[in-house]
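By written order: A, B, C and D. Residues from 1 in each chain.
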Amino acid sequence: MLILLVLACAAMGIPLLALWGDGRRGAAMFIGFNTLTLLAILALAIQVLQDGAFTAGGGQFLVDDLSIVLVLVDGVVGLSTAWFSRNYMLHETVHWSLSRRRVRLYHAMFQTFLATMLLALLTNNMGILWVAMEGATLSTVLLVSLFRTAEGLEAAWKYFILCGVGLAMALFGTILLYFAAQKIMGHGADALLWTHLAAVRHQLEPQVMAIAFIFMLVGYGTKIGLTPLNNWLPDAHASGPSSVSAVLSGLLLNVALYAILRAKVLVDGALGRDFASHLLMGFGLLSLLVAGFSMLRQRDVKRLFAYSSIEHMGLATFAFGIGGPLASFAGLLHMVSHSLTKSSVFFSVGQAVQDVGSREIQRIRGMLEFSPLLGWAFMLAVLFILGMPPSGLFLSEFLIITSTLQAQPWLTPLLLLGLGVAFAGIFPRMQGMVFGAHQEGVARQSVVGIIPVFVQLTLVAMLGVFIPLTLVQWMQHAAQLLHG
Amino acid sequence: MTGILLELAQVLLVAFLAPLFAGLLRALRAILQNRRPAGCWQNYRDLYRLFHKESLQAEGTSWLFRFAPYGIFGAFCLAAAIVPILATGLPLAPAADVIALVGLFALARVFQVLAAMDTGTPFATLGAHREMLIAGLAEPALLATLFTASLLSRSTSLSVIVAHLEQLRFALHPSMVFAAAAFFIVLLAENARIPVDNPATHLELTMIHEAMLLEYSGRHLALMEWGAQIKLTLYVAIGIALFLPWGIVPTAEVASLPVTLPVLLLKFAGAAVILALIETLLAKLRLFRAPEFMATAFLLGVIGLLTFFMLGA
Amino acid sequence: MTITAQGLAWGIPLLRLLAALLLLLAFAMLAQRRLLTLIHLLAWQGVVLAAGTALVALLTGQTELWFSAALTLGLKAILIPTVLHRLLRRLQVHGDVEAVLNIPLTLLAGIALVIFAFSLAAPITALTGPVTRGMVGIALAAVLLAFLMMITRRKAISQVVGFLAIDNGLFFAATSATLGMPMIVELGVALDALIGFVILGVFFFQIRETFDSMDLQNLEHIREE
Amino acid sequence: MISCLPLDLATGALLLWLGLGLLGFLLGGWPTAACRLIFPLSSVVALLLAVSGFSALTAPPDQLQLRGPLPALPWSFQIDPLSGFFLILLGLLAFAVTLFATGYFRALSRPALRRLMLQYHTFLLGMGLVLLAANAFTFLVAWEIMALASYFLVVTEHEEAGSRHAGFLYLLIAHLGALAILLGFVLLAGAAIAQGGPFSAMLHAPLDPFWASAAFLLTFFGFSAKAGLLPLHIWLPDAHPAAPAPVSALMSGAMLQMAFYGMLRVDFLFLGKLATWWGPFVLGVGLATALFGVLFAAVQTDMKRLLAYSSIENMGLIMVAFGLALIFRAHGLGALAALALAAALYHALNHAFFKGLLFLGSGSVLHGAGSVSMDRLGGLIRQMPQTAFFMLLGTLAIAGLPPLNGFVSEWLLLQAFLLSPALPQSTLSAVLPLAASGVVLAVALAAYAMVKFYGIAFLGQARGARHAHEAGRWERSAMALLSVACIFLGLFPGVLLNLLHPVLQEMLGQGFAVQQGLWLTPVSAQRASYSPAIFFLGMATALGLSFLLIWSFFGRPLRRVPAWACGFPVRTPAMQDSSLGFAQPLLRIFAPLYQAEREVDGAGRWRMRIGEPLYRGFYQPLSLLALWLSAQVLRLQQGRITLYLLYSFLTLLILLAVWR
């Protein structure tokens, strides 16, 4: 029942925001709804804590150890994004002189996006999962092009077409999945229910499942931003509002990866582990390397961190490809820490960009000087993203490298190359932005908006120093689940 | 007791015969170059005169400038107490082995160089860095030769080495031949002799050792000169100890001193002759050829080591 | 679900025929230069799709398939094409669709794709029931052809058409290959298609008012140098 | 009770440091108060740490575990003689340096001071944690904390792009090193690592030769990135001068030794069985590093930069001794290995003291004379006599001159070298003495470099900065402490060597003969003996006697006269050697190495620029390659949507074709 409550909390915001969601009131409502959602999610988590995984709505909805973790992250990031978005959008509204309609659109679409994310995580139906992903895409398209700049339009168009086509492929994969499932479960509504599929996954037709998984991989992989399907990602991140970039990196990529993981469990049952894990390792490593090298020449700060998202998603994908309870655990931890950290990065970057009035790394200087707190927030977030202790990413990378050296010793050099290059790409730019003397014409604004950064970074640090036992158990069970 | 007496005797002997040895060398050179020698005792007269002169201190020099002469002199006196010249196994000998001995010379040199730089005059600093360079290249060569000896005798304590080399009578080691050659070059270089440096010239552009003394006068200069003479004598003494050790008796056998002492003096005289010959026959090298010269010394020392390992002797 | 004997007797060949038509239309689109005809072809594909769905519904007697057939007809055969038509006129986009690749080559590639799709689907086809034999292959071929068309066209609208054609291929797979997805999924998919289409419309005007042209070159500025 | 004392003491000290750091961050608003309160306290804490180290030498090893991020991955700490020794090093050095800091940082601006307080103590904390860490995870976290904190300290003057670049280079190399270390640990401990397998589980890890060598190479690479060995030294000459003096002192004196600590633990304790080629390899790298470092130290014009290069040289020497120990150990010559290792450890401690002293001194020079560029200094011995005196001691010590401490470790090292005939491999034992003479060359050149360092900066006439003032009380007392330490270690080596015994026991299972009294006889009195105390007394008496005699006979007051300018009418400071002029012979001899090029500066004067060969030869090409690759990669992202569609299309087809 709580599942429905969560979804309801998220969904009921949509029409209200669409109607009255402009100005300060809209921002307040936005925050309010997300607070409600978060509370509902916490309640849900407590229930899961008490009596484990369970389904609802006639098996249509499912919450288990895998999804609850990501749902929690969704709730937290959603709320902090809402908080950040308040000041941010007030500033943007003035700067771009957005009409009230546009602001309403923004809030409504944002809420839709968050709702669909939750739906994707909480549904038990692979078809609905697809529907939710598509919904999330559509709702973010208009957010990316919110400012109606040529750049924004172009980015949004690419995002729309590429992800649309990608998701079409994913749909084909889903259809094939259903096609395979039919053979065993017969024609019917629950032939797409993940729990049922998982129960019979060993009997699913291998050839069909192979093709189905490839289609889903290409489809959802486009949304994860796996190379070479990632071309939409930097553009969309760069052109949209920073709040949107934050959730794109922080939530959307995670959910896409989540979809693939669900599919992986099934295909593992049908064709054994190697098939999926080789694909995931290949894509992950490729993305890691390509993204790493792409960062060496970035001039645009938001693009820079968009690539870093690709890199981290690649790393997580790689981890799941390595497989085994340890690596899968590490992958999950990586997903969680990454979405918390990366969204913080985008919050601080967004504010810095507003203060300086440019996305060019060259023009952003001396943040510590013109806004110390912002500078610290940004620096810490970036150091965390780079996997410096006590970040949770340090732990996850530690575990990933460890298990890689155990499972695939000869891939570790590539892994380290990717990490090293990424470091060399991001760090000096961060230095230039944080240190030194700032240029004149900087409009410093209050740092209330980036309070969530500190909250989230504290959480990430906690993930690196002392993970609560329940969380550990959830993630371990989830790892077991993925490991099959 | 005898040991301590012998120790004192040796130090005093070296200290007071060093000018004589240096003077002898000068005289021989003069003769070989068809000049009228000033006589072996000239150095004593010089020192006497210098000691009685007033000594000046250049403006802007610090306590280092005044301290250096005594420090250097003290260092060489200590060295004189360690090198087995009259006898092996002197009480102070174990306090410093060959390595420490080289370190001691280095210490003296550093003081001299620092004192020179303290004056801050162009030529003093010129001499200073030249000196450091030559020494820096000479030290490894010197240690290489000493290593050869100490590998032979499984010890780095000079008097043990001497005792050991004495054991095996006229069995001349091939490795020691190379070592000897290397040591000889080092001796020339370290004591500012031709072909590396010319003790007799004050031609600024080529001088090394003298350049550092330019600011010294009176008793300080006397001490410096005296120290240099002692250093020369010590080097010769070390050479003798390493390559013709026969006649250096253990402290216990002081009785045989009357016999060995003349032999020792003879050896010194011989060394003086050889040095004089070399210095007349060779020409002064251009300064930047000096490193190559030292490199040959280093090479010879290394070859000595290698031959030790190849031939096991 | 059971299919009656006479149903097998005349129904299956008919379904095959429709499948063939779909593929043919896909080829036609690939070959087509003019935008207007492109849209007509799309509409016809929608019709075929609807017919196929209806046929399956008839054969298997699932009532909800009738509904989805109607939906398809309304959405894919009538609504979307007409709206596209309108847009075309409103935005004064006319003339030819200059392809990146010249048509014969494209067709050759298309044929290769079809062969590839069939060879891919062969093992699956072997193990499908009598009704759906070969359908997966055809659907896959249709999808790939549409994809190829998107790659080889330069105008935003033609890309959208290709996108919709992919959608059609998927629908065909969903209905005739799997004899209909679960209703809820069908609904969701249809809803998404609708929203997507609306957003497309919004886009066209935005693009139009920003670049006053529907040519894709305007949308190729963001790049790494 | 007494057995568990050391670890508690050490951890307590670290916690106190953390607390003091935070307190300092809060009190930063009142600079003088903060400095006067925090730094003296934390130097006392440093003493505590040293005490814990001393007691750890004798106490049995001790463990401590805390719940880590995962229940299976605890934070675990331990203390044993090895870490004890390095704790002593850290504690004593930190004690003096922090006292110095009390006076040194008064002038800092408030926000800068706040940051510094926090980062400085975090740095100390990090180093302490590295020494106490007892499993790979804890170790790496501590390692990264140390690197990060020191990075922030390096970029304290972050306005200069130069120091930022130095910091970046430093952190990048440190990061890569950390990754390599991690890999090495994983090879050593296998899957246990993720379960927080303690170091004790890694002892004598059973590995087949190939993987053992891999682990050795990886860890060696990782640690040498921190130790600044060739070719990973590139960050060091930039980073150390960029940091404030006390930090440079800590980085050079203590942090570099953390790398040595890691090598010791891994190679002797984890990889119990050594391959025969490791020793020569390490020795070769060490020797190359030492010669390289000293050759470049000799031609520097900046005091701190010179010292940084000399740190490289000293790490090289330590590595030579370490490599020698590895060789002996690999051939089962425990006693000789003990001797070599003792030399290495002794030198590590020496280096901590005299290098710390010299860096602190150059800090006082920076404050007193306003510059550390030797071409602006000169004659400081008159304006800052006490500092000059301490620096003289430091210079003599680092130049390896008896009877100071630098000479002792050098002496031990050479003794170890001379024992090489005991080795079965004749070729190896033939090569080793050559290495020995290489070491001597390095030391002799070090004397050259350090004489230049002292002579140019403190002697002669002032070049640029005419007015200088003596360092403050705190500074001088700190330098005095370190000088005393240098003298003590120089005159009474037996004390420390006996202390080292348990460490050697732990590493090699045997130490060497206990030293009694003032005598230093590593093997036997017959073999070799050295008694710095007697040595010193002898020299002192000779000196004193000669002085007394000469003074009593010929003693007459000195007369001050202007120095003779070799016939030139005037005598200007410019007529002295410049710092490069002093090194000119070396520049000429090793010209190809230096790639020295002359350029005319604004005032139309010739200036000589020294290039870093490895930077041009290796690092620049590397970065260019990376940039080229990134350019190639970015071609993927060139804007045309149809192309992007093509990518995914092809991806799909290929996957289908290959994997169905």
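In the analysis below, a residue touches a chain if its C-beta (ideal position, glycine included) is under 8 Å from a C-beta of that chain, and two chains touch if they have at least 3 such contacts.
Since this is a predicted model, take the numbers as computed values, not measurements.
Visitor: Between B-D and C-D, which chain pair is linked by the larger number of C-beta contacts?
Guide: By the number of C-beta pairs in contact, the winner is B-D.
Visitor: Cα centroid separation between chain A and chain B, in whole Å?
Guide: Their C-alpha centroids are separated by 79 Å.
Visitor: Could you work out how far the Cα centre of chain B sits from that of chain C, in whole Å?
Guide: 101
Visitor: Report the inter-chain centroid distance for chain B and chain D in whole angstrom, where each centroid is the mean of the CA atoms.
Guide: The answer is 36 Å.
Visitor: CA centre of chain C versus CA centre of chain D: separation in Å?
Guide: Those two chain centres are 70 Å apart.
Visitor: What residues in chain A touch two or more of the other chains?
Guide: 157-158, 161, 165, 207, 211, 294, 297
Visitor: For chain D, jot down the residues that touch at least 2 other chains.
Guide: Expected reply: 634, 637, 641, 645, 652, 656, 660.
Visitor: Which residues does chain C have that touch at least 2 chains other than itself?
Guide: Those would be 120, 147, 150, 159, 219-222, 224.
Visitor: Pairs of chains that touch, anyone?
Guide: Touching chain pairs, listed by label, are A-C, A-D, B-D, C-D.
Visitor: Considering only the defined contacts, which chain C positions touch chain A in the complex?
Guide: Answer in residue numbers: 1, 120, 123-124, 127, 136, 139-140, 143, 147, 150, 156, 159, 163, 166-167, 169-170, 173-174, 177-185, 188-189, 191-192, 195-196, 199-200, 202-203, 206-207, 210-211, 218-222, 224.
Visitor: Can you name the residues of chain D that touch chain C in the complex?
Guide: The contact residues of chain D facing chain C are 634-635, 637-642, 645-646, 649, 652-653, 656-657, 660.
Visitor: Taking the touch rule as given, give the residues of chain C at its contact with chain D in the complex, in rising order.
Guide: Contact set of chain C toward chain D: 100, 116, 120, 144, 147-148, 150-154, 159, 216, 219-225.
Visitor: In the complex of these two chains, what residues of chain D are touching chain B?
Guide: That would be residues 378-379, 381-382, 385, 388, 392, 396, 399-402, 407, 410-411, 414-415, 418, 421, 426, 429-430, 433-434, 436-438, 440-441, 443-445, 447-448, 451-452, 454-456, 459-461, 519, 525-531, 534-535, 538-540, 542-544, 546-547, 550, 553-554, 556, 558-566, 571, 573, 575-577, 581-586, 588-589 of chain D.
Visitor: What part of chain B is in contact with chain D in the complex they form?
Guide: Residues 51-52, 54-62, 64, 66, 70-71, 73-75, 77-78, 81, 92, 94-97, 99-100, 103-104, 106-107, 110, 113-114, 117-123, 125-126, 128-130, 132-133, 135-137, 139-140, 143-144, 147, 150-151, 154-157, 160, 204, 214-215, 218-219, 223, 288, 291, 298, 301-302, 305-306, 309-310.
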